[in-house]
Amino acid sequence: MIPEQQTVDGGDGPAVADPQTRKALEAILLVVEEPVEANTLAQVLEIPTDEVVATLKALRSEYVDEGRGFVLREVAGGWRFYTDPAAAVYVERFVLHGRSTKLSQAALETLAIVAYKQPVTRARISEIRGVDADGAVRSLLQRGLIEEVGREATPGQPLLYGTTSTFLERLGISDVSELPTLPELVPDAPLPAEPAPGGYKAARRELDALGIADPDPGEDEAADQ
Amino acid sequence: MSGTYRVAVGSFEGPFDLLLHLIARHKVDIYEIPIAQITDDYLAVVSEMERIDLDVTTEFLVVAATLIELKAARLLPQEDEPDIDDLAMEARDLLYARLLDYRMFKEAGRYLGAQLASLSGFVPRAVGLEERFIGVLPQVQLGVTPQRLAEIAGQALAAKPEPIVDVSHLQPVRMTVREAAGMVVDELERAGGSATFEELTAGCRHRVEVIVHFLALLELYKLDLVDLLQPASFATLRVTANPESSWETSAFADMEEYVAAPATDEEVPS
Amino acid sequence: MIPEQQTVDGGDGPAVADPQTRKALEAILLVVEEPVEANTLAQVLEIPTDEVVATLKALRSEYVDEGRGFVLREVAGGWRFYTDPAAAVYVERFVLHGRSTKLSQAALETLAIVAYKQPVTRARISEIRGVDADGAVRSLLQRGLIEEVGREATPGQPLLYGTTSTFLERLGISDVSELPTLPELVPDAPLPAEPAPGGYKAARRELDALGIADPDPGEDEAADQ
């Protein structure tokens, strides 16, 4: 069984797929999360859609012929990589391997933000958390605790996320309106006013006592004697 | 001062970055900083920064102070003043030490940047599970009550935008000239109107504090609030409150707001 | 260019990779979101780790030989699919996250300090750089290159930062110990002559004793982590 890599099967479109086109298509399809239309790919590669489709079809049969663990599929008008169903049993085993039934701290925090800020974008969640939230969002999506609820009407139209009915169920409430109000936020303490003359030493002593003005806590004893 | 060339202001990551740049311009080894020239160049750049209202951080000024100290020590008559000499030497050594450290990490940063750039073409696949496997996942336990979830949300939303007040990064001594002036006035009043510089700075734990006190004295002198008396070079400096002056705080408001943060945690040499 | 599908190249390990193993590994690697250890894969597939590693290596060279748009890399202690950099120009169009935006010099210096001095506090970073490091630290946290790893046992309990596995991944290494040592990175560093007058060495020793100075530049930096 020798794959006919050099010839495009299907017979429609150009006879030979350009190696650069193949490479570009495989690379793009590796990173996309949603199926991509052949049209879109054609625009990015600046080649005719025909050629894109022909190359994708060629790749599709190549993977089958070579017995790869992934397949290329055309769904919902777009193309995407999927795992080969023949390997599903291994993938399932892997997915279950060491998988905790508890949410990670990051996921829990992200869930709390989505619950109280929904609908909310991934970028906004990252901003609030101060760390990249992609992993946590993906994991919550997979657990069915949050879902896509639309797109924001801003450039790029980022996806908006909200909580699901599964989330309500697990939390034991029937509507998000039943979520407790957010605890009183601790306001940032205002900076102390500049002390008047006469009060400087006292202020310094206070700061010292708080350990704020101490340059190296490790030197405390030595410096204070 | 630095008439021969201009340095692009604002393109430096910090005082050491600038210092390294200046040293490179003079084509000298890092160990042979021509203090006088470098100091002038450095001050020229820093003053330019101030003029275009860049956020000149305290460290730029601290390094400037150290450089001035070094330059001053060179210009002073080389008499038997081991104190001054030692002080200058120590300042110089600390400056070198910090420069060397900084240079290493600057290089390491450059290396990391090059590595990251050369490998940026490797984009990992980070696509979630296919629908079919999601059903396989075990039911996840939230493990929290609604109340607890609210608390978590509250914390997450409250903590930003400024991260938790991390006392650690406030640790450098922060003392403004105005503050120091206030302390000098306090001390003078307590001492009955006259005290030596040593007495005024007895409470200082860091050299930078001493420097700030000195700047404060100059400001007070300029405002005609104190008289300074030093009978001879290196003799004791006596500070006397001007009896005709009233200690109006408003006068302090005009003082320039230098904020001193010590370059390192060195203690005042005794 | 006919792929030698039946033979394992690379030559190390078992001579022929089991087609099922190949398929299973490719399928599993398609769903992972971080590098997976060969060990884990071996447990899931219930085969020896050797065999997993040999098959992965074979697949890795196969993809290269076939000019695929994806590559298999072993980084941060595990294996994962990546796009071939040759297709980067197209991939960038589909990857949102500003991965391509370069880190500022401030961020790179800060990253270097964290990488070589970890665990390290923000104050220490500021001290070495001579400027405030808050912005740089935030940006690195946001990009997932560094993370909080604990608190220092000193008054104020400042947060300690360290590098993440994402950092290792992006640098293509498996461990920070693989980073070149600091002295190796200093350009044409003729080991400096004894610094002229003054007690430079003594001062350094004093600083070292206080634990606030770096080891002498002549020493191996990585060693003290």
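Just so it is clear, A, B and C label the chains in written order, and each chain counts residues from 1 on its own.
Please note the rule applied: a contact is a pair of C-beta atoms (placed from the backbone, for glycine too) under 8 Å apart; a residue touches a chain by one contact, two chains touch by 3 or more.
Please read these numbers as outputs of a predicted model, since none were measured by experiment.
S.K.: Whose C-alpha centre lies nearest the centre of all protein C-alpha atoms?
M.R.: C
S.K.: From the centre of subunit B, which chain's CA centre is farthest?
M.R.: Chain A.
S.K.: Counting only Cα atoms for the centres, state how far subunit A is from subunit B in Å.
M.R.: 39
S.K.: Counting only Cα atoms for the centres, state how far subunit A is from subunit C in Å.
M.R.: 21
S.K.: Approximately how many whole Å separate the CA-defined centres of subunit B and subunit C?
M.R.: 32
S.K.: Could you check subunit B for residues that touch two or more other chains and list them?
M.R.: 123-130, 133, 163, 167, 171-172, 265 - these are the residues of subunit B that touch more than one other chain.
S.K.: Specify, in ascending order, the residues of subunit C that touch 2 or more different other chains.
M.R.: 30-31, 33, 70, 81-84, 86-88, 91, 95, 138, 156, 210, 212
S.K.: Help me check something: in the complex, which residues belonging to subunit C touch subunit A?
M.R.: Touch list, subunit C to subunit A: 1-3, 5, 19, 22-31, 33, 40-41, 43-45, 66-70, 81-84, 86-88, 90-91, 93-97, 138, 141-144, 147, 154-156, 210-212.
S.K.: Hey, which residues of subunit B end up touching subunit C in the complex?
M.R.: Touch residues, subunit B against subunit C: 13-17, 29-32, 57, 59-60, 63, 89-90, 92-94, 96-98, 100-113, 115-117, 119-130, 133, 163-164, 166-169, 171-172, 263-265.
S.K.: Using the touch definition from the top, list the residues of subunit C that touch subunit B in their complex.
M.R.: Contact set of subunit C toward subunit B: 30-33, 70-71, 73, 80-88, 91, 95, 99-100, 102-103, 105-106, 108-113, 115-116, 121-123, 126-134, 138, 152, 156, 158-159, 169-172, 180, 182-183, 185-187, 192-193, 195-200, 203-204, 207, 210, 212-214, 217, 221.
S.K.: Per the contact definition, I'd like the list of subunit B residues that touch subunit A in the complex.
M.R.: 123-130, 132-134, 136-144, 146-147, 149-154, 156-160, 162-163, 165, 167, 170-174, 178-179, 182-183, 185-187, 189, 203, 205-206, 247, 249, 252, 262, 265, 267
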